[in-house]
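Following this message is one structure expressed as C-alpha cells.
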C-alpha cells in the first residue's frame, strides 16, 4: 500500500467510496429495523383472539435456524479471506456454502410461517401477527437479497471476473450479510428468547 | 434499490459487447439531459422540477385562500378542499423545498469542496429521477380524481381503508415511498462525497457553512428517511393487505403512526430549513464583505440543531394523550433547541456589524430570512410551552408559525440563493431592479398573508377546515390573508419575468466574468457558467474562504489590500482531456419502473411485472455498463469522479497484471 | 356572547388586535375558567418576551442595513472580524437562562393542569340523592360529539371499545352541560378516527383517540355558553364538528338532570303519533330515544351511534353543533330542520353511502311534517338566555 | 458525525497496514464462530432452565456480546477505519435512543 499523496490527503478519508457507501447505508438500516422492532414490541401483547406469541413460538426450531444464519457469517468471512489470498476455489466453495445456509434459513422461515398459518396466525389476525410477519418478513427479504448478491458474485466468479483485486466487492457484500446476521441476533433474543406474553 | 446496485460490483470486461450496455453517445439536446450524470445538470434538473411543483403547490395555495376568503366559502367543496390542502402540504414539503435544497446541494456542494463531481454520479442521476417519478406519481392522483385527503401528516385511522376508501392515501404512501428512496440515495451519495472528495487541504473545518449545513441535512435524511419508510410501509400494508398496525378495531394503535411520523417529521423540519441557513451564511458574508462571524459556532450550532432535532418529535403530540411526564420532557427539549438557532441569528447580525453592506436582491432576501425566520422561531418557542400549545396547536397560529419558518426561512433563503448563484449557473446575473420588486412584493405579500394567521389562530380558528361560519371574528383577517397571497403571486411573477428578461438581455453577450460579487468560496474559482469539468486542476486549500484569501490580504496596518484580481486567481476553464463520468440511460429507466409498481399495487398486481422488469433490467444493465464511452465527448479512460480518494482502486489497477478491469467506483 | 376587550398594549399591538376581534367565541386569550386562565398566565409573559426579542432582532437588522450600508464613500475594505468567543458564549447563555426560567414556569403550569381535584357535589337523580364526582364521558365520532353522564361513577368503565358502552344515566350530544364552579373531569374516547375536544375559554384541547382513553378537565367560573370546535382533522366534515359547554348554576343543573333522566313522553298529537311510527321504522335504525329503543341494537353506522334524541328539544343545536334548533325569538327553526330531514348530505357533507353521517331519508313532505311534530315532543325547550347565547350562524 | 482529518489519516494508514499484515487468520475466525455458537447455546439454554429475574439482563448481555463479536471481527470494524465504526455506531445509538424514548412514551415498559 503506497502512501500515494494523491490517494490520502487532507481532502478525504482515503477510504473506498463503495465501502463507505455500504457503511453509511447500514447506519441508515439501523433506523429501519429499529422502527420495525419497535412496532413489534408495541404490538406483541395485542393478539386479540388469535394465538399469543408465547404460545406459538417454537424456540428449539428457531434456535436451529438462528444458528444456521450465524454460521453463514463465518462462511462469508472465510470466503472473503480466501479471495484475499487469491484462493478462487475456496472463495467459491464458501460463497456457495453461505448462500446455501442463507437459503436454509429462508426455508426455515417459510416453514415457520406456514406452521403459524396452520395454527391460525394469519397476517391479518391481530396487530401482533401483522407486526411479527412484517418484521421477520422484512428481515427475510434482506436475507433473500443477500442471497441474490452472493449468486451474482458466484456468476461473476465463474465468468472469471471475481479476482483477488475485486475482493472489496466480496467484502462489501459480506458487510451487508453480517449486518443482516446481527439484526437477527437482536431479533432472536428480543423477539423469541425474551419471554413473550401468553394467553 | 441501492443496496443491490451498490453490491453487484462484477467485473465488466467480458460482458461488454452486447449493444444494450453501451453508454449514451451525446446526442445533444434533451438526450443529454435525461442521460446526464453531471452534478450541475442534475442540480438544474432538480431546481427546474422543484419550481414546476412550486407552481402547482402555489396554485393549490391560491385555491385554499380563495375558499377561505369569506365565510361559508363555495369555491371548492369540502372533499376537494381536503385534497387540495393535503396536496399543498405534501407538494411544498416533499416536492418543492426538499428538491430545491437538493438542487443547491447538487450544483454547489462539489464545487464548494473543490471536486469534479459527486462520489457516485449515476446514483446521483438516479436520485433525481426517482424523486421526479415519486412527485409525478403523487400528482397523478389528480388525474384519477382521487388525491390524498388525509393531511400531509396522514393521522391514522382516518387514513385507514375504512375512513379513506379511495386510492388517495395509496398515492400518498407509495409516492412518498418512491420520493424517499431518492432522498436516501442522495443523502448517502453526498455524505461519501463530502468525506472523500474534498480538495487537497480542505479539512472539514475549512468547508463553507453551506457545505456543512448540507452535510448535516444529509445525515438527518440518512437517519430520518428509514423511519418514514417504515411508517409508510405499515400504512400501505394496513390499507392493502389487511394488517392491523393502526386499526383500533383490531387493537392497533393510532399513536404508533404519530410517533413514527414525527420521529421522521421533526428532523424533516430541519432538513427543510438548514440548507437555507447555509445559503444565508454564504450570502451575508459576501455582501457584508466580512467573513462569517463565529464560523465554528455556526457549524456547531447547525450540528446541534440536527442532533437535538431527534429529541423533540413528541411536541407535535402534546395533546394526543401521551402522559404528562413525556410531555414535560419534550417541552424542555423543544425549548432548548431555540438556543443554537438563536446563536445562528445573532451571528448573522454580527457578520453584518461593521461590514460594508451591499443591499442587492440576494442580500435583501438573506436578511429577510433573518428577520422572518426569527418570527417563526419565536412563535415556535411560544408553543414549546406545552400548556400554551394546548390552546395553539391545530389552529392557524401553527399555520402562521410554520409558514414563517418554511416560507420566511427556507423559501426566501432559496431566493437569496437564486440571485447569488444565478451567474454561476447560467452565466448572467438576474436583474437587480426586478429583483428588488420581487423581494418587496414577496415580503409584503408574505406578511400580509401569514401575519394575520397568528391572530386568527389565537382567535380560535382551527386548521384544516374547509370553511368557517361568520360571527367568530374570522372574516377580516381571512380576507386580508387572501389578498396577501395574491401579492405573493405577483412577487413570484416578478421572479419569472426576471428570469426571462435577464436571459434575453444576456443573449449574445459574453458571460459574466468570474467573481461577480467579490465572493469567498471555491465555486468562484471557475468561470461562469461553470465548465463541464468544474476545475482545470485541484485547488490546494489552506484556509476557510480560500478564494477570498487569494485575492486579498492585510497589510502591516491591518488594512485589507488586494493582492490579486479575480481574473488572475480564477481558472480559465479550458482544460482538455479531463476524464468525466459517462452519461447513462439506466437511472431514468430504473426510476420509470417504480411508479408502474405503485400503480400495480393499487389497481392490478400484473402492472407490477413490467415495473419490476424495468427496474431489474436497469440494475442489470447498470452493473454491466462499460465504464466509459470511447466515442463520447469526454475522452476515454476510467470514470474520473474518484480522483480524490478510492486508493484501493487506483492501487489495484496499477499493481495487478494490468488486465482491463472495471473500477469498483464506476459500478457505484 | 360577551365581548372581552383585553387591555391594549399588554402583549403588544399584534395580540391586542387579536383580542379586539368581535364575537370571538373561540378566542384563546379570553379565559373564562381557571384552567384556561392558568394557561393564559403562562403564555402572556412569554408573548411579551418573544415580542421584545423580535423587536430587538428586527430593529437590529434594520439598523444594520442603515448603519453599515455601502455608501461608496471610500474604497476601504471593512475589517475582517472572524468572531468573538466571549460574545458567542454570552449569547448562548442569555437565551438559555431565559428559557430555563420559562421552562420552570412551564413545568409548574403543566403539573397544575394535570392535577385533578377530588371534588364532589350532591345531586338528586330520579329522586335518589347521590354524590357525584363531576365527570363526563366524551365520545367523538364523525362528525359530532356525544356526552355521557354516569352518576354512579365511571370506575371500571372501559373506553377501549367506545362503540359498545354500558348504558348511561344521560346521553346527550354536542352540548356539554356542566354545573358552574365545579371541575369537570372528562374521560374521552372515539368511535372512529381521532378528534380533538377544545373549548378554548375553559381549557386547551385534548385529542380523543379510538381504542384509548384520554383525560381532560374543564371548569367554568360563570354560568354561560362556551363554544368549541373539533381541532384534529377527522375527515370530510371536520370543519362542521362543533360543540358548546353550557355552564348552569347548581340549581339549574339539577333541574336539567331531572329532565334528562326521564324517558321520552308518549306523543298524543296525531301528527306526532304518525311521526313516532316513522321514527320507529326509519330513524330508529341509528338514533336512540329512551323509551322507544335503546343502544344495545347498535346503529347502522360505522361509528355504531347517532345522536340520542330523547331530549332533542332541550338542546339548541344539532348536526354537530352547526344548525340552530330555534329561531332567535324562541320558536322552532322549521325550515332548517325540514331541510335536514329532507336531504341531510346536502346540508352537511358526509359519506352517508359509506355509513358515515346522516343519509337522505327519502321522506315525503307530510312525513317530514309528522317527524318534526314528533321531535317537538322530545324534551323541554331551554331558557331564552341559553337559546340566545348558543345561537350559531 | 464528523471526521476530523488528522486522526483519520493515521487510522487509514493503520487500516491499510492491517489489511496487509494483521488480518485475522481463518483459524481465528473459526474460534470466534465457536464462541458465538457457545453463547447461542447458552442463550437457548435459558429457555429450558429457569434463571429467574436474571433472565432478561443475561440475555441482553449475551446478545450484545454476540453483536459485538460479529461487528468487530466479521465486519472488520476492529481493524478498519474508525470512520466506519462511527457511522454504524451513530445509527445504532440513534436508533436505540429514539425508539426507546418512543417505547417509553407509549408506556411499553410499564404495560409491555
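Residue numbering begins at 1 within each chain, and the chains themselves are lettered A, B, C and D in the order written.
We adopt the following convention: a contact is a pair of C-beta atoms (placed from the backbone, for glycine too) under 8 Å apart; a residue touches a chain by one contact, two chains touch by 3 or more.
Predicted model, so just to flag it, every value in this text is computed and none were measured.
Asker: Identify the chain pair with more contacting C-beta pairs: A-B or A-D.
Answerer: Comparing A-B with A-D, the pair joined by more C-beta contacts is A-B.
Asker: Averaging each chain's C-alpha atoms to get its centre, pick out the one most distant from chain A.
Answerer: C
Asker: Per-chain C-alpha centres versus the global one: which chain is nearest?
Answerer: Of all chains shown, the one whose C-alpha centroid lies nearest the global centroid is B.
Asker: Please compute the C-alpha centroid of chain A, do the same for chain B, then give the distance between them in whole Å.
Answerer: Computed value for the inter-centroid distance: 32 Å.
Asker: How many Å are there between the centre of chain A and the centre of chain D, using C-alpha atoms for each centre?
Answerer: So the centroids are 15 Å from each other.
Asker: How far is the middle of chain B from the middle of chain C, if each middle is the mean of its Cα atoms, in Å?
Answerer: Centres of chain B and chain C (C-alpha means) sit 39 Å apart.
Asker: Between chain B and chain D, what distance separates the C-alpha centroids? Give it in angstrom.
Answerer: Their C-alpha centroids are separated by 34 Å.
Asker: Quick check on chain A: which residues sit in contact with 2+ other chains?
Answerer: Residue numbers touching two or more other chains: 1, 8, 10, 13-15, 20, 24, 27-29, 31, 35, 42.
Asker: Using the touch definition from the top, which residues of chain D touch two or more other chains?
Answerer: 3, 5, 16, 83, 90-91, 94-95, 98, 102, 106
Asker: If I count partner chains per residue in chain C, which residues reach a count of at least 2?
Answerer: In chain C, nothing touches at least two other chains.
Asker: Could you please write down every pair of chains that are in touch?
Answerer: By the stated definition, chains touch in these pairs: A-B, A-D, B-C, B-D.
Asker: What residues of chain B sit close enough to touch chain C in their complex?
Answerer: Residues 71, 77-79, 82, 149-151, 155, 157-158, 162-165, 248-249, 251-255, 288-291, 293-297, 319-321, 324, 327-328, 331-332, 335-336, 338-339, 342-343, 345-347, 349-350, 352-359, 367, 370-371, 374-375, 378-379, 381-382, 385-395, 451, 454-455, 457-473, 476-477, 552, 554, 558-561 of chain B touch chain C in their complex.
Asker: What does chain B use to touch chain D in their complex?
Answerer: So the residues of chain B in touch with chain D come to 195, 203-205, 219, 223, 227, 253, 255-256, 259-260, 263, 303, 307, 310-311, 314, 317, 322-323, 326, 647.
Asker: Using the touch definition from the top, list the residues of chain D that touch chain B in their complex.
Answerer: 1-5, 16, 83, 90-91, 94-95, 97-98, 101-102, 104-107
Asker: Can you name the residues of chain A that touch chain D in the complex?
Answerer: For this pair, the touching residues of chain A are 1, 3, 8, 10, 13-15, 19-20, 23-24, 26-31, 33-35, 37-38, 41-42, 44-45, 59-60, 63, 66-67, 70-71, 73-74, 76-78, 81, 84, 171, 174-175, 178-179, 181-182, 185-186, 188-190, 193-195.
Asker: Using the touch rule from the top, collect the residues of chain D that touch chain A in their complex.
Answerer: Touch residues, chain D against chain A: 3, 5, 8-9, 12-13, 15-17, 19-20, 23-26, 29-30, 32-33, 36-37, 40, 43-44, 46-47, 55-56, 59-60, 62-63, 66-67, 70-71, 73-76, 81, 83-84, 87-88, 90-92, 94-96, 98-99, 102-103, 106, 108, 111-112.
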